[in-house]
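Comments concern the structure below.
The first chain written gets the first letter, and so on, giving A, B, C, D, E and F; residue counts start at 1 in each chain.
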Amino acid sequence: MATVKLLTDAEANAVPAVKDVFDDIRATRKSDFINNFWRGLANDPALLRRSWDGLKAVMAVEGTLDPLVREMIYIAVSSANGCAYCVHSHTAAAKARGMTEAQHAELLAVIGLAGQTNHLATAMQIPVDAEFDIR
Amino acid sequence: MATVKLLTDAEANAVPAVKDVFDDIRATRKSDFINNFWRGLANDPALLRRSWDGLKAVMAVEGTLDPLVREMIYIAVSSANGCAYCVHSHTAAAKARGMTEAQHAELLAVIGLAGQTNHLATAMQIPVDAEFDIR
Amino acid sequence: MATVKLLTDAEANAVPAVKDVFDDIRATRKSDFINNFWRGLANDPALLRRSWDGLKAVMAVEGTLDPLVREMIYIAVSSANGCAYCVHSHTAAAKARGMTEAQHAELLAVIGLAGQTNHLATAMQIPVDAEFDIR
Amino acid sequence: MATVKLLTDAEANAVPAVKDVFDDIRATRKSDFINNFWRGLANDPALLRRSWDGLKAVMAVEGTLDPLVREMIYIAVSSANGCAYCVHSHTAAAKARGMTEAQHAELLAVIGLAGQTNHLATAMQIPVDAEFDIR
Amino acid sequence: MATVKLLTDAEANAVPAVKDVFDDIRATRKSDFINNFWRGLANDPALLRRSWDGLKAVMAVEGTLDPLVREMIYIAVSSANGCAYCVHSHTAAAKARGMTEAQHAELLAVIGLAGQTNHLATAMQIPVDAEFDIR
Amino acid sequence: MATVKLLTDAEANAVPAVKDVFDDIRATRKSDFINNFWRGLANDPALLRRSWDGLKAVMAVEGTLDPLVREMIYIAVSSANGCAYCVHSHTAAAKARGMTEAQHAELLAVIGLAGQTNHLATAMQIPVDAEFDIR
């Protein structure tokens, strides 16, 4: 269960500002599927619009990072934050973008390693080396 | 200040099991610099050895992910975990591996976006879509 | 499944120190419903008592913050911590206290925004401005 | 030290897209002060613009929640996430908006309480009560 | 559902490097039961091997801390990180090692208290006392 | 800098409800030292009292867990939460209670291991084994 209503297509279509975003999601993704995250955000058309525009600007444009790399970074943050929904949705997105089992395994290895060393560095309260200041 | 002693080179050299790891770090990195994280772990030679071997196995070997990509994933996890030391050390490592300002900016954008949607998905307790089950 | 037993009313009534707290919860909330959180804590009557007294002292007294505002702050912390149970229970409490859909939507927007900027500030390791020192 | 350069006013003014945002920050806040967070984001004018527009849309508009309440929710999330910069900047903002010592103390009490019960609920893995499903 | 396949015994036995680890888990634990965590890691035999060797080196050897104490520390970290799987698996492990209800209750009390004071110290941004520097 | 004033002894002594708690802290700890955490909480005498009473009830009483073990559990939670102040204060407390370097090293090893496996279990979204349900 969610703490908000998940809008059905009928409910979404009844609100033009929501329908516009859903139409754009479908056109951008070339798929009729709208996942629950957007159906929850749709309770607030302005938040839905801002969130979708933000996601498009970061994830769905040309850039210097490969789109698959961006999805893997997303999974990394979501794992550290313990967001089950986000781990699932972005792992599915990464697989849809061609993430191989070998790439997934390496991603998991880095996530686990970082989790370990993050905890160790924090527990030891290691001071930052002056050498790292290389702006 | 740290909660453990940070071993100097003299102290490290006095313990063969520590010296071995420090030698390997220097040889692997082709640099004389040993950062504070390893100097803190050196209080426990076995933990130092396991941590370094783990890091080498994940970060310093050939694989399907570019080493720079692995560093960026590391930064992502470290940012979500709020580990200041790790953010600094791995951002320095990523820059040393050639991360451009444009790549850094895109990395930051994805980290920020994931932080936002992670919080929204959790606050709404969005149920995972069945469509994400694509093993 | 929980990692502790969730005490039934019969089991709770059999322990006077637990029954006293459950009676107080029911009287304070003017409702017969005791949620699972207290049924789990009831395995340790002293922890149950301290936790309930603490919650009453913070959430159920007159103060300068509106009780609904306190519930929204609670939801904010619980979302950041990824505590599904707490997000659910305090969203229900906020709705019972009259949180409107518009207020809920604004709460979600702030939580998402804070999640985003928290991650950005940490990833950039921005130093605190001296101007913020306004005690 | 930060992991990015913090742009000076001279550097910001040299980039029209950055200058535009800095001008808008100053006009919106009726203050010449630009805090370090925006100076760091300014390395990427597009990210700076999106972040500022997002913040304005959530924090600086009329709504159903009092602006001070929004700042307190921000502090709550930032505390749970351990973002020192954000705790400082938004506590300063809340004080600038008139947060009294009594309100600050109540905010702290709720944050501490939520931290406690979040940890207890997670450690006990309490299942969500069906009664909380009140959409 | 998981984001990786959980290997069955038949699938595990078909990969010698996986079978070796599973055999070692069974021998070390004197039990035929292999929990899902290892079945997920088994997709990457090298990661499985490193993870199991790391766990054995920390949890299954003689040391100065009682094995039950180590399990309780594990539960504490897992609760703070919101890892439902890990809270469950290590609470089960602690009970198998003889954790009494009284010990479990005290563990929960410390976890809750630490959660509370962690949030308070962070929200107040308390500076570290010089007196704590006792290396 | 903190977001609240840290009360001096003179300021604390001027408020009887604060002086009472400070006296009790000194008597309980058999030390004149009052660390900054309590000086920050002292802005709200009621929150100070509740926090100190809670800490005494959990940490400073006879129980089934050794006081040093409780301090180590506290450090574990604080490390996972990234609370620098709490890691420092409770590591100092643990050392004052006799934590040896070997015990500290084992504590760090468990914290690091849990951090690693927490991240792996979350990134793989491993379902909880039915076998763990052993209440």
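For this structure, a couple of remarks:
Quick note on the criterion: contacts are C-beta pairs under 8 Å (C-beta built on N, C-alpha and C of every residue); 3 or more make two chains touch, one makes a residue touch a chain.
Computed from a predicted model, the values in this text were never measured in an experiment.
By residue number, more than half of the contact pairs of A-E reappear in one of the listed pairs B-C, C-E or A-D, namely C-E. In terms of the distance between Cα centroids, subunit F is separated most widely from A.
Each chain's centre was taken as the mean of its CA atoms, and the one lying most distant from subunit B is C.
Centre-to-centre spacing of subunit B and subunit D amounts to 27 Å, using the average Cα coordinate of each chain.
Our note on geometry: subunit D versus subunit E, Cα centroid distance of 34 Å, whole angstroms. If you average the Cα atoms of subunit C and of subunit D, the two centres end up 21 Å apart.
In subunit B, the residues touching two or more other chains are 1-4, 51, 54, 57, 77, 79-84, 87-88, 91, 107-109, 111-120, 122-125, 128, 132.
Within the complex formed with subunit F, the subunit B residues making contact are 1, 3-4, 43-44, 47, 51, 77, 81-83.
Residues 1-5, 46, 50, 54, 57, 128, 132-133, 135 of subunit E are the ones touching subunit B in the complex.
Those residues of subunit B that touch subunit C in the shared complex are 75, 79-80, 82, 84, 87-88, 107-108, 111-120, 122-125.
Those residues of subunit F that touch subunit E in the complex are listed here as 1-4, 6, 33, 35-37, 40-41, 51, 54-55, 57-59, 63-65, 69-70, 72-74, 76-81, 83-86, 88-92, 95-96, 100, 102-103, 106-107, 109-111, 113-129, 131-132, 134. Subunit E makes touch with subunit C in their complex at residues 82, 87-88, 91, 101, 104-105, 108-109, 112, 119.
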